[in-house]
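One chain, subunit A, links the two complexes that follow: it is found with subunit B in the first and with subunit C in the second.
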Partner chain A sequence: MSDLISAIISGIAQGMPLFIVASGLTLIFGVLRILNFAHGAFFMIGAFVMTTVLSGQSVSMPVFLLAALVAAGALAATGALADTFVFRKLYGQHPMIPLLASYALLIALDGLAQVIWGNSPRSQASVEGFGGSIQFGDIRVASYDIVLLVVGVIIGTALFLVLQKTHVGKIVRAVSSDEHMARALGVPARKVQVGVFAVGAALAGLSGALMAPLVSIDVGLAPTFAIQSFAIVIIGGLGSIGGALVAALILGIADSLAVNFAPELAGFSLYIAVALVLLLRPQGLAKKRVGGH
Partner chain B sequence: MKHRKIAVALILIPFSLAACSTAGGNTSAENPNSVALGVIAPMSGSFAQVGEHISDGFALGVKHAQEDGLAADTTFEIEVKDDQVDAQVASQAARDFMSDGTMLLGGMLTTTTCSAVAPLVEQAGGVLITSVCAGNELSGVYSDVTPYERTFTVAPRDTMVSDALATVLAEKFATVTDYNVFGFDYAWGRDTWSGYLDGIKSAGVDAKVNQEFWVPLGDASYRSQVSALSNGLGDKESSAMFLSTYGPGTTAFLQQAEAFDIVNRVALLASAGGYEPVARGLAGAAPEMWNAYDYAYPAYDNEFNARFVEDYLTESGERPLAWSYNGYRTGYAFVAAVDAAGSADPDAVAEALKGLEFEGASGTLRFDPETHQLLAPVVISQTVGNPDAPDGVEYLSTSVVPAKNLIETH
Partner chain C sequence: MTTPTQAVETIKRAKRPLTGFEAFRAKVPPSVEVLISCVVVALVGGMLFDGSMLFLLTTAVIYALFASATNVLFGWTGVSSFGQAAYFGVGAYTVGLTKDLISNPILAIVLGMASAAIIAGVYGILASRITGVEFAMLTLIFGQILWLLTFRIPELRGENGIPAISRGKLLGVNLFDDQAFWWYVFAIVTLAFLVLRRIRGSSFGAAMTAVRDDPIRAEALGISVRWVRVSAFALAGAFAGLAGGLMAQLQGLVIPEMITWGLSGEVIVMCLIGGMRSFWGPAIGAVLLVLVNYFLLDATSAPDLWVGLALLVIVLVVPGGLLSLPSRISDAVHVRKKEANR
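Showing the complex of A and B:
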């Protein structure tokens, strides 16, 4: 029984960081209808900014979180620029066009990262006091995983509250639902688009910054979590924040259960889950998207 | 009739000019003493670091060979093309080189790219020296006959590396019998581990697999595996952790294992392949690791190696890695072969490479004339992170296992 509980907790710890990574992707798609291939590049740049700001050193949690916010801010600016110069004229076009544009942006950002940070891999030391694990009976949980769990819950809650309970969220949902009508009613749709892209990119950068102590930071990081992110968005339902959270946790737990009890399936749990969802419920788990559809 | 003659002439003239420009193989029409050398390597993407080291090493190898008096009157022009670690892109790069008359090609990282290019070079009459590709099928080292007449391999084969590691660790860690394995689930990952396991068993260690976890190539999130590993570790004195990963995978595993203190709960942490870049990237925090690979800069205490290390540091800004040295040996070998052949003609260079001897950090190196494998040793390193050491990596010990031993005992 303790093995099962340990596997579930481990799965939640595996899944929550994936939600953080996928949250920006699903937000951008939910509002702007763009499946952003450059999301992985934003994640990578967030990790690079983090290790640059902290010089890879171990720091206290407040300093670490501040640095993560700096990374998020840098990516927010990058996202705003990307929207202004790459995607602005592509909204409303055939979905393949902004998709291709996002792929081009990915390649460009990869090259830029190589020029700025070079080819040698870097690392980010763990946060002071959070490099170990905590024992709960027979179960051991990494301390930093608890931090990621808390941050993931905060992000999910914040996104839900902002989108569903605030005036800003109402405007965002209006633009997502019907951009032309929203404009006709005086909603600054263009500002909303820039803002949403910036927030989506910021979330990607924040996730890269938070994951920095757990991965190798190099130009190959961009595609590393991309497949899982897209899988979460598909399973959760394109554009659904809640769906993405549930999907991330399901995938994390499924992977952990496979690793512990069915190792031969461990490498396939993600793809099995995607295949099942596409077969049985192609619209994804969630009923509602950001825009309310 | 007149128009037809003009049309035929217009068609024939470009072909004639093309034939003139490629006749004589590898030399430039403007300078008959100029030889073109083509390097194909990953210059972008995840493996750009490898490509950078291969190409920098190659250029330095050419320079040092000429300083040592080989082909001193020849100007070597080096051009580098990116293969993006993709067989199709590598093949196109090779075709582009050879259609431009550059018939002497070197470089490449993966067996896939080397295996794609080798037959093209064979057909076109060029010469290929692979720098880092380590698949057994590329050389005749275990079959006594090379699969490609015009391809030569510099790096030791995968099995030579894992055999070397097994040879040394079986002696030093004879009582460590319970192996925990974490690796990338693909040919190299699996073969490296199985080769090592067979090697230590053959050396008399009663080794068994306690746990093994295999993840898809390129995955970076191992929390489930690390947690399960931690729960399943046995007694420290008899336990080992073997990593059949590389680069980012090794870094990610070590970072994620830190929370469960896995590396301090085993008596031996071992890996095969390029580990030093990982250790450098961990900035002084790398755990103590036993590793086998083609080269380590402190392994050889002689003038040749000292010159290589110093000049590489000066020109590239960092100490050489195994990839740098493999690129270096490739460039050096080409110059030595042109010198021995007295010509850059690909047929003459290919003939000269068979049995060619030239100097290296470990002493005199030689291409086996039958297998086309460069007979060079494998280096076993024991390293630990130390912020005060060069590049943050302290070498606790190095040892060298000669190629002859590895081939004969396989």
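Showing the complex of A and C:
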């Protein structure tokens, strides 16, 4: 029983970075109607920036979080640039064209990462004092998992509050539901588009930075995490942040259970979940745009 | 979807009398055009080159078939698939797995083609309830599942792949000879192009165009959009599998790299370079990309960066592909003349 509980807790924690990266993807889709294939590359660059900033060393918690913010900031700039120079011209065109453009961006960013960081995998040491695990009675939890949980909850709450409760969120939702109408009412839609793309990319970068201590960092990260976040937004329903959260938790827990109790299924749980959802509920768990309509 | 203004433009363009090469081309029946182009390329390649250069050209021709098969989805039916390498890989692995059972090379690749068609068809039916970007993501995910399977199923031997696939003998000729293999590949690719061209001109081809341009109107006209999409998917899978089988015989080896999304992306780049709206565009794009890759990119350290940037520029500047440049230029000239006459 205690094994089961610790597997579920670790699954929830593993789901958090997935939620953060997928929430960026779904935010961009919900507002801009662009499926950003390059999202996996944003994630990967976040992890690479992390190793460069910290040079792979183990550091204390505040420094680690600061470095993660630096990575997120770098990706926000990348996202804003990508939106300005690539996607700006493509809004409202046939959906295949932005899809191909983001795919091109993915290949280019992957190549750029190879040029900058080389082909050999890098690793990032864990945070000082967070390498081990904590015992609660019978239940053993890795201490870094707790960090992931806390950050995930903070990001999720912040996204919800900003989108639902603030003026900025209202503007974003307005652009999401009807861009032309929003423009007619004087909403600076262009700024919203750049901002949303930057925030979405920053979320991917932040997630990459948080995952850095847990994975081997090389150019193979981009496809792996692009596919996981795609699976999550398909299961959750494109454009729904709540759906992304539920889907990320389901996938995290399913994968953790598979690793612990059915190792031969590990790595497949994601695909099985996607297949099931598509067969039973092809529109995704929640069919709602950002903000809900 | 076509807007009224675009429709007027298209009709105007269609009414303009054809000139020069286009007028000549319109008189030649499509199947004759395919036959002549293929025979000319085969003769030129086979006579002028041998050794590693011929090997490279054979690779290019196989990719030309793969790209044309992919264009059945992108250019003809308007379906985005980012996992076509999966079917290429199914064809290749079928040839690899049956290497000791089947000695006839044609039988092996036909089997590869059939298995790819079946898998693509089943997948198409399963995924046919969703469309658009969700479908595009699913194709990618499905490709990754197959890639993962090559590592999980012991018979597929993971990273090492299946080596020592023999090309076999055909009509007493040993295909191990590169020259003989070139003619063999060309015979098959020509046949495949003939079939594809035939389908393009058939009523089913017209239905695919209708589904691409306006699925709602197509449905209203009595075309089963879902069935057209599924069949197009199976068709594209079948010819991708054929190309994969040929590639397995050419290289004598199948490895998981044949299924990765890198290849799926490359084949889209090929279609885009040549242009998705013309029959030959993807094939020409494939040959160009293979040659450029070989002669230019091996020298630099970062082919991906340049492939990505080139693709980005094409998408942003000439989304119709390089083959659309002549007509775009002539359109621009036409407009300018008109303005001058005014």
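Here is the rule we go by: the second predicted complex is superposed on the first by the 280 of 293 C-alpha atoms of A that agree within 3 Å, B and C clash if a C-alpha of one lies under 4 Å from a C-alpha of the other, contacts with A are read in each partner's own complex, and residues count from 1 in each chain.
In this text, a residue touches a chain if its C-beta (ideal position, glycine included) is under 8 Å from a C-beta of that chain, and two chains touch if they have at least 3 such contacts.
If you're wondering where the values come from, they're calculated on a predicted model, not measured in any experiment.
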Superposed partners subunit B and subunit C on subunit A - clash or fit: clash
Subunit B versus subunit C as contact partner of A:184, first or second or both or neither: neither
Which superposed partner A:223 touches (first subunit B, second subunit C, both, neither): both
First, second, both or neither for A:168, with subunit B first and subunit C second: neither
Touching partner for A:274 - first (subunit B), second (subunit C), both, neither: second
Contacts of A:114 with subunit B and subunit C, given as first, second, both or neither: both
Partner chain(s) touched by A:140 [first = subunit B, second = subunit C, both, neither]: first
First, second, both or neither for A:61, with subunit B first and subunit C second: neither
Which of subunit B and subunit C A:153 touches, first, second, both or neither: neither
Touched partner set for A:14, first subunit B, second subunit C, both or neither: first
Identified clashing stretch of subunit B versus subunit C [98-106, 170-178, 224-232 or 332-340]: 98-106
Subunit A residues contacted in one complex by subunit B, in the other by subunit C: 110-111, 114, 223, 267
Contact footprint of subunit C on subunit A as seen in their complex: 29, 35, 37, 86, 89-90, 95-97, 99-101, 103-112, 114-115, 223, 226-227, 230-231, 233-234, 238, 267-268, 271, 274-275, 278-279, 282-284
Residue numbers on subunit A that touch subunit B, as the complex places them: 3, 6-7, 10-11, 13-14, 17-18, 56, 110-111, 114, 119-123, 125-126, 131-133, 140, 142-145, 213-216, 218-221, 223-225, 228, 252, 255-256, 258-260, 263, 266-267
Touching residues (chain side subunit C, partner subunit A) in the complex: 74, 78, 80, 82, 126-127, 129-130, 132-134, 136-138, 140-141, 144-145, 148, 152, 260-261, 265, 268, 272, 301-309, 311-312, 314-316, 319
Subunit A partner contacts - residues on subunit B that touch it in the complex: 44-49, 52, 185, 213-216, 218-221, 223-225, 227-228, 230-231, 247-252, 255-256, 258-261, 277-278, 280-283, 285, 318
